[in-house]
Structure formats: C-alpha cells, structure tokens
Amino acid sequence: MEFEYLVKAESRRVSLEKKGEHWIFRAGDQTLEADVRIISGNAFSLIVGGTSHLVGIADHKDTIYVSLDGTTLTLKRPGAEEKRFEKGEEGSKEGITVVKAPMPGKVVKINVAENDAVRKNQTLAIVEAMKMENEIKSPMDGVIKKIHSSAGDLVDSEKSLIEIEPKT
Amino acid sequence: MEFEYLVKAESRRVSLEKKGEHWIFRAGDQTLEADVRIISGNAFSLIVGGTSHLVGIADHKDTIYVSLDGTTLTLKRPGAEEKRFEKGEEGSKEGITVVKAPMPGKVVKINVAENDAVRKNQTLAIVEAMKMENEIKSPMDGVIKKIHSSAGDLVDSEKSLIEIEPKT
Amino acid sequence: MFKKIVIANRGEIACRIIRACREMGIASVAVYSEADRAGLHVQMADEAVGIGPPPAVESYLHMDRIIEAVRETGAEAVHPGYGFLAENPEFARRLEKEKIVFIGPNSRALELVGDKVRARQTMEKAGIPIIPGMKRVADDFAEYAAEAKAIGYPVMIKASAGGGGKGMRIVCSEEDLRPALEAGRREAKSAFGDESVYLEKFIENPRHVEFQVLADNDGRIVHLFERECSIQRRHQKIIEETPSPALTPELRQRMGEAAKRVLEVSGYNNAGTVEFLLDREKRFFFLEVNARLQVEHPVTELTTGIDLVHRQIRIAAGEKLDLKQEELSQRGHAIECRIYAEDPANGFLPSAGKILFLQEPKGPGVRYDGGIFSGWDVPIYYDPILAKLIVWAETREAACRRMRSALDDTVILGIKTTIPFLKDIISHPRFREGATTTGFIKDHFGDWKEKEASGETEILSLASAAFFDSRKTSEAGVLSVRAKEQYSPWRMLGKWRIGEKSDLSGE
Amino acid sequence: MFKKIVIANRGEIACRIIRACREMGIASVAVYSEADRAGLHVQMADEAVGIGPPPAVESYLHMDRIIEAVRETGAEAVHPGYGFLAENPEFARRLEKEKIVFIGPNSRALELVGDKVRARQTMEKAGIPIIPGMKRVADDFAEYAAEAKAIGYPVMIKASAGGGGKGMRIVCSEEDLRPALEAGRREAKSAFGDESVYLEKFIENPRHVEFQVLADNDGRIVHLFERECSIQRRHQKIIEETPSPALTPELRQRMGEAAKRVLEVSGYNNAGTVEFLLDREKRFFFLEVNARLQVEHPVTELTTGIDLVHRQIRIAAGEKLDLKQEELSQRGHAIECRIYAEDPANGFLPSAGKILFLQEPKGPGVRYDGGIFSGWDVPIYYDPILAKLIVWAETREAACRRMRSALDDTVILGIKTTIPFLKDIISHPRFREGATTTGFIKDHFGDWKEKEASGETEILSLASAAFFDSRKTSEAGVLSVRAKEQYSPWRMLGKWRIGEKSDLSGE
C-alpha cells in the first residue's frame, strides 16, 4: 500500500508492506524495517534496528498528528478540501482570497463592509477566544467581496470569514 | 430498548429510552432519569438527581465490567455459552460436569487418568500461573470421563480441563 | 468541618479542590456552564449543578447562580479557585451576608488589596518597601507629567484596579506620556470598568519573587517561603519555581517577614500571596497581593510539605493555624510549567478544539494537575490553561532534567499547546544557570520557532501515519479512495491563512 | 557516569528505572521476553532487545542472554531491579568478570547475605541481636529435636537459602517437628534447589520493620530510616509505610545504627535493606538483608526526599556518597499499596488476562508506579504485581485518607485485582490506629468478602450496561439479536467452577 502526505506543504510518499512479523516502510530513497505493535487505537510501539519508539497518533479530517520521541509532527493527507481550493484558483486567475479565522472563537466585530477597499494589514475583524482578542488583518490590498460572518458568530478555524478580491 | 443481565446469577432486566436530553432507565420497580455524556468508548458521565457519577465500563464476550463510585460490578449478558450449557444439562439429567481452570495458566500436572474414580476434593490437576501453583480439586465423587489437557498446555479460564461423571 | 462545598470554578483547579474535599470527607459540588457538562471537574465531583450558558458572565461569573447552587445543594461554603470570582469583594460580601462561608479572605481585605493605589499607601505606612511612584491617582495630565518627572523616566503606567498586565505601559520620555496614558486608561476601563491609572518607576529586568502566606481567622500568620515567577510572557507567568536561585537565607527571611506584615496590616485571613519585584541590587519592592490560591501553589506544596488547599478549607472552617514559622522549611527544588492551549510558533494564538489524544506524564517526583482528557473539546470561552506539570527533585538541576523528561512524556494531539516552547525554555543554558528575570522570554525567545524534526523522526512519523491509515483502510474492508488516488497530479498552492505571521495580540 | 544501561527486568520496576535513566541522561535498554514485546517497559526504553521465550528461565533469568544484550547494545552496566537475577551472586560474579557494572552489591556480599545461616553467624558476632535459634544446619533429626527443645516451642523452620516464605513452617510441639521438617525441606529444595533448613524461636505477632541503607563503594554508609511492612499475607508484604507507628526516635536511632553495622560487617555496597522483627516488648531482631532495591522503596523516597534509583546508579558509577546521616530526616508519612492481579475473594487466585480499561490515580501526594496499560494482556508467567500506589501526606491519618481516595480512583477492568481488599484494609479501624502486626490479615481479614454493592450502585451499573449495549447496538446499525431475545424463558443453572471456594494455594 502507498500513501501520500504533506509535511509542511511538501509532498512525501510512503509505502508499506508486511514482511513476516515486520513491516517495511519506504519513503523516497529511505527504507526502514520495523517491528510494530499496536498498543491502542492511538498508540504503536515501533522497534527499528533495536531502537524503541512509542508513537502517539490521531487524526481529524485530513490532518494526522504524530508524536514520537518528544516531538509532534502534523501531516496532511492531500484531501478533498485543498483540491477544491486549487480548482477554484485555477478557475479564475485573479481569484478570490478567503480570509479565515486563525482559531476557533467568537466574532466580536467585523470592521469592514462589502465593497470596502482595504489595505494590507488593515484590521478586518476581531475574533475572541479564551479571553484574548485577536485582530484579523488583511493579507493584501483589495476589495471586500463578501462577508460570511457577523458579530456574535462562533467560528471555527475552517470557516470563511471574508472574501477579498485583490486590487488590480 | 430492553436488556437482560445477570448480576451474581440473578436475572435483572433494564430498559432505556431517550427523553429529550436525558435517558430514562427502568429496572424492576425502579426508575431513574439520567443526564448521560459519553466521555470515551469506555467512560460515561451520569448525572442523576444532581449526583454525579463517572462510570468506567468495558466488556469481553458476554461479561460487562462496570466501575462506579469506587465499586466494580461484573454483569453477564445471558449469552450463547450458558445457554448451550443449559441445553446440555437438560439433555441428560445426570449430565457431565466440566472442570475448568480457575484462571489462565499452564498445566503443570494432570493427576488422574480417564476412567479413574475420584473423591470430592481430590486433586485432579495442578495449574501454575504467576509463579503460584494451584490445585484443581474435584467438585464431587465421580469418574473421570474425559481429559482435555496435558502437562505443559496453556489454558485459559474457559478451557475445559476434565469431564467428570457423577457417581450414581 | 464542612460537610459540603461548592467549587465555583472549572478545569484543573476545580479538580484539584475536589480531590482535597474527597480526602477530607467533604462532599463536593461542581458547577458547570453548558460548555462544561462533560468537563473533568463535573466527572470528578460528587454533585453537579448547571449554572448557565457558556460565556463566563452568564455562568462562572454569575453570582446569583452560584449562590443558588449553594442553596439548592445545601452546601455550607464556596471555594472560588483562582480567576472568576476569586478576588471579587462583592461576591465575598454577598456570601458573608448569606451566611455562606467564602473560602478565601474577608471582603474588607479583598477590597483593600484589590485597590492597588490604596494598597501602596497602606504598605508604605507599614514600612514595606514599595516601588517609587504615585500614591494616588492624578487629577490631570499636568500632575501625571510632574510625577513622572519626579520619579524619573522610564516610568510604568499601571491600572489602579489592575492585574494580568492590562493597562500597563512603559513610558521612556515625556513626549510618549500622553498617548500612553490615554491607551492605558482605555485598556483599564475596558478590562476593569475603572480607568484610574498611576505611575511607578519602571524597574528594568527584575525578578518576580512572591511569598506564600497563610493567616487564620484570628490573625496567626506564617509564610511558606518564596516562589520565583520571573519567566513571564506579557506579564503572564509561564514557569515558576522554588526556591528562587536569587535569594540568600537572610534575604528570604527579610522578605518573608515583610510578606507577613503585608497580610497583617491588610487584616487578611486565609491563603494569600505577596508579590515583590527584586531588582539587580537585590532590593525588593512590594508589588501586590494575590488574594487567592495561586496557579503556582503546587511548587510550595512540594517543597514545604504543606497542602495549601487543605489549609484553606481548615482555616475557613475556623481552625487555628497550628504551623509554626520556625518549624517550616523548604526541601529540594520544585518547578511548574503551565501548559496552555496556545500556539507558541504563531503569536501564542489561542487554540481551542478537540483533544484527540492525551498522554499524561507520571513517575517519581512528577505531579500533573490537569483539567482535560482524551476527547475533551477545549472551549473557546475560558482561560487557555489545560494543565500544570510540576516536578520535585533534590536539586534545581535534577528538577530541570526531570521536567524536561516529563514534558517529553506529555503528549496532547489535536490542538496546539505551549509544550514545545516550555521544553526549550527548560533546556536553555541561561535558565539552567538560574538567570531568570522578567525579560528572559523577550531576551532569549523573542523569535522562537519550533525546532525542525530530525530526518529520522520525520520518516518514523510518515511510517506511523501510513501504518495508521493502512489499519483504517483494512478495517473498512476496502482500499480507501485515498490510497488509490495517491498518484493524482496534485500540488500544494500557496493559500492565505491570516494571522499566522502577524502578531495579533496587539503588543 | 554511564552512557547506557541494560535493565534486566520488566513491569513497573523496569519502567521506574528507565525514568531514572532518562532523567540522568543515560540511554536505557529494555530486555523483553516474547510475552512482553508490547510491555510498558519496552515502550518506554530507548532501545529494546528480545531475549527469548516467555518462561523466565528462558529469558529474564537467562544470564547468557542478558549479557549478550549488554554486549550487543554497548551498554556498560546492568540494573537488575528486584526478583529475577537481582540477588543472584553468580550473575553478579559473571558481570564482574565481564567488566560490566552490576548496579547492586558485590558478589561476595550477595553470597554472604543470601546464606541465612551464615548471615546469622556473622551478625551475632558483630553484636546484632538475632532471633534465638540455630546458627548452623543440623546433621540429623535428633539434633533438630534437641535444638528445638533448647529454643523452646513454638519454633519456626526456615530455609537457609530462604526468602518469600518458602519452606517456612511453625511447629508448636515435638510431635509435629518431623513432618514439618520434611515438608519444609521439600519446599526449600523445590524453591531454591537447597534443602537446608534451620530452627528459630517463633516470635508471635511481631512487627516487620526494615531499614533502608545506602553504602558507597568505599564503605560510607547511611541509613534512610525504616519502613514498616507488617501487613503481610503469607509472608508477602501488601502494604508498607513509613514512619513506623511503633518506633520512638531513640529506638529508630538504635535500629538504624544496627542496620548500618549489618552492611558494614557484610562488606556491602549499593542499596540494601536490613529486615528486623520487632516483638511486643519492642525488642528487635535481625531477620535478613534484602540485597536489592525493594518493591516498597518509594515510601522512603517520599519521606526522605532521596531518589534511591538515582543513588544506586551513582554509587555503581563510583560516586562517593555525599549524604550525611545527621542531615537526613523523615518528613510526613508515606504508604504504599501493592496492586496485584489476584482475586482476593477467591483465595488470591492469580488473575492473568487482558486489561480492558485502566484508570490511573493521580493528584497531589499521589505516586503511581505502574507497569500496565489499557489493552495490556497480563502474562501468566511472572509475578502478579501490576502497579504500586504510593501516597504521601503530612500525617499518617491524612495519608490513609489520601490512599483510600486514590484507591477509589484506580480502576482496572477485565481482571481481578487486590484493590477492593486494599481499600478495606486501609479503612479498617485497627489499621487506622497503627495496630499493624504480621498477624493483622489473619486476625481481621481471614474470611474477607467483598462488600455487596449498594442498591443504588447496582441500578446505576445496570443502567450503564444498558446504555453501553444500546450504543453498540446502534453503532452496528441494527437491533442486536440480544435485544430481541430478551424475553426468552431463560434461567441460570448452577454450574461447577472449580477452585472458587476451596483454597488452592496450599496454606
């Protein structure tokens, strides 16, 4: 079986196959043979060349979180959402930029209206989470195309807040 | 929905139904209304009349283990195995008694042979587990009908070791 | 002793207080907002009462609802934890009127120490060293300007009702004074509903050293030594320890006596903390009183052997303090790391969401006070503290090594946390030397980035992900669409995610 | 200091040692039998080496395989934990020859203290009080009979190579002597491969009080006070605590000095424990030396603040002991409960199998040293110890209450454990009074049965089971056959399950 993941936006492919009691993993020009034991649905024990690693692992949608030897990595499966986005961008060369909340929170204020011209780094909205107010700033000079949220809305980090069309 | 459980060999029936945010449980003449939250696959939080209970729960085959307020109870689902046993007993009034290992372990020695007459409390076999030897004694006067294990076998607590026919 | 206590708080501190109740044979009542029905404190308590919608003002800050929960359950006392209503004199006063015991100081003491300007006046009169500066709120700009000149720049603007760094501004010259005053007043107004500010001499790169004090209802007072809390980010403590590497026995004794005197002149009872700044010449100045159980109380417990929550409850129940100053001592060294739901690589943006996997640290000398579990959805409404990791060891060096090991042992997947940041602080050579001042984070971690994972870790992670996905695939009984699609010509395009680079917190 | 250590053990003690290594910057190598590939110690270690099939003689007791693992990984030292090869002089000797450091006493000392008769001779010569009785193994029955008469009945038969109660027999009159001697010799032969036995005066209902001692390689010796381990079942400790409720400061000092003298005359180094019996008149008698880290070492760590495993490793690496007797002190009270995979309601039958759910205790003052996890299949091959629960508190009473609360917090589903039994001991009024002798369990828990669950607990359990099953049912997307079958005319018939009532353990 072969899988593809994004590690910091870089695509990495990894294949695995069972060989007796062990598993062979290949990624790029690297190969490793591991004795793998399932500890729980979220934990594996790997022994690779005598070295023991306890892996904590969990996923949410297309994000996989892996913890190992005191380090946590985030991998992405090249999933449906990014693809849709990509197609959107292909569809219109000077596409819309979607501004999202940087974290789940509550919209305290929307500072702009549709059709407003905005400058780069202008504050577009304020989202509060965990007793901290966070200003959402414009990534570019442009014009507000659409506003999807209003004050009081709860938003998660995947929710589009505002669409901006770049200034041409 | 209604379920049946055995609590210390006694049959108890319990029904449940959802009522708004809560669940109504009925068992015999007792009714309780609980606000139930799933904490994990093995833990629920119950609030019943303002009292909070954290329940740890797990099952293996037809045994359910429930832990609650510092007490652990074992319930049995009236499952297939006991029924088969029951039918067997019905089939032959003076049926065979099956002697099982009291715990998982290793058979160190079988002290009897088929067709041997045995007395109640006579040692039939020795099973070792966790560095302790445990004598398996006869539950009755009888005759050894069949021996299913021999020295060196690993047995679990559901494995039949020896069948005895009662002395008539 | 009380038979039943309401814990007017949530998260790790509520859990810690519930444990104390259980050990003391006291029934505990958790209160919870709608966001916290499944919270750990609700799971652990003997009883639980819903007190309203998620926003704190409608639940944990809602005095009527808390008092109603006390009445409803027949409880005799309220433990407020920290934050929320813990230092609110009005709440204490209302409970006093209702004949419900508030497990904390009396309302007069709360009022006095809550007013920073009044507290400064009181302490100065009592001979406690205070930071040079104003002892009253000025009437107009001219007065502020004159005071600033008299104090000498740089000066610090502080809110009279202050706390948590809100309203604070450093001003280096007269021309910056007016706009800074205006901004400070606005911030103070919005944070505390009170725009009063005053000026103090700005002390450069001090240590933050505080003393834990216990006072019973009859005025017996002992201190339980210091905690050094210099490792701060925007006036928020993130690592605390005791003993302070900076104190000599003689200085410790003097500061401890000063701390006791602070409580004495405040008419204070129950547990409290007296905060001091310690400058480079090892002069100490009274800063403020934290009139509650502190987040960092465990380091004191581990070194003195005194359980502060047990003591709070016993004092509130009217017991005499049977501790004698000369019998108290510090043993070994303790450090606490606060684990927050924040993204340290990204301006410490809050990071609410579901904890997909939690591995809690344990082992000899490791204490973990947590308020979360695998599957818990960290709400957006409250403080981002998830847990506290506290270690004890014979020496500071051993405690640092134990902390590092325990942090490596702590795994929280699904949300961002400060764990990688904490690891780097605890491993920093200057931290190891004990060179801890309030400027430490700014000086050494201003542009912190998480270390790149090693190539080995990365390949092992990829292998683990593949193994994980292969199990999902085989569990589903079919090859996943994903596995089939793997060769589709696909590439990552740049995408704007706002807030990732800019500092949104307004510093 | 060492760079890499092999831990020649498994379960909780291996995990505890691995943690110490990690904190000290030492790489740890776990060894594992085939039954333990997924074991917690393998998960935690930096490296792991398989050493053979499940039976201990083919793995954890197999010296060649352990030494091979050391060679293969380039380790410099071996920590044996307790049990297995920990007190085996031959193993220590082989490592000495191979120039691998054994983290424990030297082989000569091991040999001396391992021979109970020789140890008695040595101690008597050194002026240590020993239990009246034989100082050599007798040649024939006549000599045993004459000795027994001289000592005075009741007498105790003990194995010369003894330990763990194996071969021990109490004899009350001459007519019982011969069969008891024969049985004792058979048992000693089978347990130790050595049938030598000797006779001692039987001391009725003593307390078991032992002293922890540390000795460096140059003969510096300190003791770390006592542990009282009187709560025993068949000579197996189940609850340990410190300080002992029975010792006065004066007696503690005398016993401590005696314990140090024992190590001194044995030419002993590293950590060791000197066991004493304390009779009703508070006379103490040397019993034996446990030449290893003890299961119950944590109670000493919590009260003295000294990490015994760190010290063992540092001493083995040649460090001088920098502890001074007069600077050591006990603070507060610590209690340990051993959690075993045994069914206390059923003759303490071992209970191997899968742990379906584990909830570990935590909180201030609670230490949990475990070797298991949810999903772990407890093997049938080894000691039934699952975990140790240790609490510390300011007073004995507070420690008892904390222990009770922590035991309530500990949930292990799927196998039987001693937890309910431990709860009842810790809550027993005589235990609370400190009236702990080796006869405690026999006197108060001879016919122990688990308390019936309350009606409320039962109905809540039934409701929980129904909710659990309803989720399974709805997850499967269909009503289960079980739910439909619920009204089938069905009743439970008696069924023989052998061993449930009779005591199989041969007491």
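Read from first to last, the chains carry the letters A, B, C and D; within each, the first residue is number 1.
Following the convention adopted for this analysis, contacts are C-beta pairs under 8 Å (C-beta built on N, C-alpha and C of every residue); 3 or more make two chains touch, one makes a residue touch a chain.
The structure displayed is predicted, hence computed values, not measured ones.
*Asks:* Write down the chain pair with more C-beta contact pairs when A-D is set against B-D.
*Replies:* B-D
*Asks:* Would you mind pulling out the distance in Å between where the CA atoms of chain A average out and where those of chain B do?
*Replies:* A distance of 48 Å separates the two centres.
*Asks:* Roughly how far is chain A from chain C, going centre to centre by Cα mean, in whole Å?
*Replies:* Between these chains, centre-to-centre, one finds 30 Å.
*Asks:* What parts of chain B, by residue number, touch at least two of the other chains?
*Replies:* Only 38 qualify.
*Asks:* Identify all positions of chain D at which a residue touches two or more other chains, and write them in rising order.
*Replies:* If we look for residues of chain D contacting two or more partner chains, we find 374, 408.
*Asks:* Check the chains against each other and report every pair that touches.
*Replies:* A-C, A-D, B-C, B-D, C-D
*Asks:* What part of chain A is in contact with chain C in the complex they form?
*Replies:* 1-7, 9-16, 23, 25, 27, 30, 32, 34, 36, 38, 42-44, 46, 48, 53, 55-60, 64-73, 75, 77-79, 82-83, 85-86, 89, 97-100, 102-106, 121, 124, 128-140, 154, 156-157
*Asks:* So in the complex, the part of chain B that touches chain C is made up of which residues?
*Replies:* 35, 37-40, 45, 47, 50-52, 54
*Asks:* Could you please specify the touching residues of chain C with respect to chain D in the complex?
*Replies:* The touching residues are 16, 19-20, 22-25, 298, 301, 305-307, 309-310, 331-332, 360, 362-365, 367-370, 393-394, 398, 401-402, 405, 408.
*Asks:* Contact residues on chain C for chain A in the complex?
*Replies:* 341-343, 346, 349-354, 356-357, 359, 374, 380-384, 407-408, 411, 413-414, 419-420, 423, 453-454, 457-471, 473, 479, 482-483, 486, 488, 490-493, 495-500, 502, 504-506
*Asks:* Residues of chain D touching chain A in their complex?
*Replies:* Touching chain A from chain D are residues 30, 37-38, 42-49, 72-73, 373-375.
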